[in-house]
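In the two complexes below, chain A is the common chain; its partner is chain B in one and chain C in the other.
Moving on, here comes the complex of A and B:
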């Protein structure tokens, strides 16, 4: 034991603190060394346990499914994507599969069920934020483009397009916005159980053919 | 708009005469017909062939944050752990720890905005061990293992300056208040309970509740549900006066680190060589981690009572484990409502008994539609989950019993301690006490060596050598345990 009469010289900076509680082994060695023995044994057990967990866990690391995504075929357009995301404006947006779009003049994803006129008047639109742009291509075809800045991911257009149209409008998690939360706040409450982790090399579930109606 | 206009809405040979959207009823009827017609067809409205040669735009797919960056983060975590261990054990620098904390807070906190974090990784590992179908990201396993492995050898280096949660609370601590010992010990049980609950919820597939109720990640993101932002703000306010309340009284990873650090190979010690028992370090610790010297010798007058108490506790602990396990198994059934499948099955059964009228496109109604697709399978799944919860309830209750028993036993065991020392498990390696230790100040040349001789001569009259900090010395000038060296 150190004593004030005979202090050990101060250790130089950079000396690791000694592992034992007692700097010099002397009269009170036995209880301390017993504890030390216990501690060493427990630490060995701890290292072994942690190694075991690491080994078991490593056996479960396989194909790297990591990013959240919506399966468009399971989505039921409940509207929770717009409200439940941890971001103020949801990371879920509507995307458009142009290849399966019918380019309808009367788009049921764009227009209210009973539009006053088939024009871009706000009162005719289904979208609450006017996030769909309607452009004339050639008679009688119109193209519909999503303005992602405005889209809030409410899925109203998706409902219209899925119910009466080709299903070319659908919701996807946009990975430039998504924070990839460990627990997705939308997935937890998704009415269609449509969220799942997707592989790293395929972060979108894009539609290339219309869904089975 | 005249109905004729609708007829031209889609000039298709097979559907030229279809008039849609006249009135909703007609629309719905026509669509039903359309659906029947298209039962085998692919497109309701085949994509057009543009005569003008219009090219279709491509659907954009913005890339996510590259996976390799997660491994970079893991590398930075390892580097941070190494630097923190070096700063606390070898360099002994509070300033270094503060700088590291700031860097961690900036990078792991405000830049990376939370996920995936070390605290949350507990649940990924728990789910991977319980569910073979879950794919565990390799770096999540690394995030979980690395700080624990470091703690087994170097103490809580992760808490010292790598964890952004801890750094945030540590850096706003302005006026630490001592938490009474009884409250400290009682609240210290919470992290172990929270750990058990979090692991149970993750392992049963009910969700990651440690992430769900994390108070600081919404602050890092400056975005989240209102109640969580309020909770985070309240925790931050509390940490102005109570040292790291989340780390000490809630953090489930802290509970794991506490266990690992209590058997660590090397440890943080306040004094660089020997202790003058001035108690300044005890005053400096805002986390109540400093322990007084004690001889560890038995007091003959209380020895019998102490032995009885310890024996009683050793007998009580297994009883407590079984009793709480039983209570846990009883609570497992109701608690299984935490699982979405069980919740859906319950609401389906409730709907069968007493139908509620939800609006047709509401989430509740849509969920019930999903339940009605195959009710038998849903109920079977829910029953399986409930059985897992009952087993989990036994384990969780037993775990809580074990924690309570171990706590009581640890409070009843005598310790031999010659110096003021930080408790191995509770010490967050913040390095504050180094700044207050007169021996350390002499070593760094901030105090003349004579100050220590004076101090040794007046052991029991502390404060003689701490002229540099009269206020702190004043605070320390209450009766001190008799010094065994004097």
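Moving on, here comes the complex of A and C:
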């Protein structure tokens, strides 16, 4: 990984160092015995190997400077965040941008497309794990909050909100859970190519304003 | 980002279908028997088009960017009128005066004038998203304050319509997103969409609520999603055209709210349907629809996601059935 601090890419594990042992015979240099040549050669190879390990460590340190994150504008709600994460319960969770939310009575992120009634009955809820709480504010406004312990990151509510509403519900990788795998299992199969690396000091791609109209 | 393909036998194969799919496909298809209009013309409007209106001259006026663009009925551009702010909505009065809703003000072009007079802003939170012009009044739909502003023709603010008022039995407009629209019906009442309640409401110009109709359902006879309809238009006979987002569809209701027919279903606006109401189209606009009707009963539909203007005319057999129905 190249960076201003590390202009040269570190050596990967198992990469051989450039040959540094190239003795040039001269008059001032005593002739090197075969035993001496092999001993020095092994020592140099050991140093080179250590350099490789150090390089690998640097590479891993460099990898920790970036986290995986989902670009909400690219996410197509394919459902793979719920099924592909190496964790038993995905590190991807639904998050809610309250500033964008319309506090709708008929929230299409909360209710299935054809609810029997606008109440909290399980048969009316869209979320397969009932991870969204619906709280009455004042007629006709309701607040919706995500229970992250229950959310599996399936994106079903995100699709409902994005299709009809303001897109205030969206998916993010939660870094208190994410293992930050070098090769993210979800990113490999993400249908929208929405996974990308973000700097650790800006670990979330948050929605703050609704799209223009 | 490198995309790695899965090796055979390594882990589970990616799912071919989404087990968590949000399925509204049943409502994406419209019964052809309900579609009484057919597409007769299509042309590209200006970039950033938001709203459109048909003037008494039967020309099309489109609010886009910081201009109002003028097109003839065949879609040929005829010119534009420039402003110094974003044009959100447009309407033309019978005398040819052009009223343009800016973010928080109304701009007026006198007939044949090239420069506008801008009325004072009623407040910072004002977000005008619809305009209607009558003989004596101009109405501006203010999404920011959830009211319809009533001006006299000189620009004096003379009333606010649709705000919650328990004494007058007005429940109030609910706007999860800024899509309030207003039209002046030939019966003298205003028609205002109330998207959060999935209704169309009729008000007197003094602000009394007279008629309410509409219900929330993804089925064709109602209004789908969290907040629809997003715009209104009036057909020559008085029928009301509604436009919806999410499942982009345009329908016709009688003046009393009885579902009549479909102008166009989601299949006519595939890019709009794909993006969804909460997404951003490549042109930076939210995906929604706006409609206007001309004197011949043709319906012009603006798809903001593509800036395409779709022109629909009633099918001859539908027109025949309609004449002999009652």
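Observations on the model:
One rule holds in what follows: the second predicted complex is superposed on the first by the 148 of 213 C-alpha atoms of A that agree within 3 Å, B and C clash if a C-alpha of one lies under 4 Å from a C-alpha of the other, contacts with A are read in each partner's own complex, and residues count from 1 in each chain.
One rule holds in what follows: a residue touches a chain if its C-beta (ideal position, glycine included) is under 8 Å from a C-beta of that chain, and two chains touch if they have at least 3 such contacts.
These numbers were taken from a predicted model, which means no experiment stands behind them.
When the shared chain is aligned, chain C comes close enough to touch A:82, but chain B does not.
In the overlay built on the shared chain, the residue A:159 is in contact with chain B and with chain C. After overlaying the two complexes on the shared chain, residue contacts for A:209 are found with chain B alone; chain C is out of touch. In the superposition on chain A, contact of A:195 is made with chain C only, not with chain B.
By the touch criterion defined above, A:178 reaches chain B but does not reach chain C. Residue contacts after overlaying the shared chain place A:66 against chain B, while chain C stays out of touching range.
Contacts of A:122 after superposition: neither chain B nor chain C is touched. Shared interface residues of chain A, touching chain B in one complex and chain C in the other, are 77-80, 101-106, 108, 113-114, 140, 159, 163-166, 183, 185, 188-189, 193, 197, 210, 213. Chain B makes touch with chain A in their complex at residues 1, 5-6, 8-11, 20-21, 23-24, 27, 31, 34-35, 38-39, 42-48, 50-52, 54, 56-65, 67, 89-92, 113-117, 120, 123-125, 128-129, 132, 134-138, 141, 144-145, 148-149, 152, 207-208, 211-212, 218, 221, 223-225, 259-260, 263-269, 272-274, 276, 296, 340, 361-364, 366-367, 369-370, 416-418, 421, 439, 442-444, 452, 456-457, 459, 484-486. Across the complex, chain A meets chain C through its residues 73, 77-80, 82-84, 101-108, 113-114, 126, 128, 140, 154-156, 159-168, 183, 185, 187-189, 193, 195-197, 210-213. Against chain B, in their complex, chain A makes its touches with residues 1-4, 7-11, 13-19, 21-23, 28, 31-32, 39, 42-43, 46-47, 50, 53-54, 56-58, 60-67, 76-80, 86-88, 95-106, 108, 111, 113-118, 137-138, 140-141, 143, 145, 159, 163-166, 174-176, 178-183, 185, 188-189, 191-193, 197, 200, 203-204, 206, 209-210, 213. Contact residues on chain C toward chain A in their complex (touch as defined above): 1, 3-6, 11-12, 14-15, 18-24, 27, 50, 129, 174-179, 196-198, 216-219, 224-228, 245-247, 276-280, 284-286, 288, 304.
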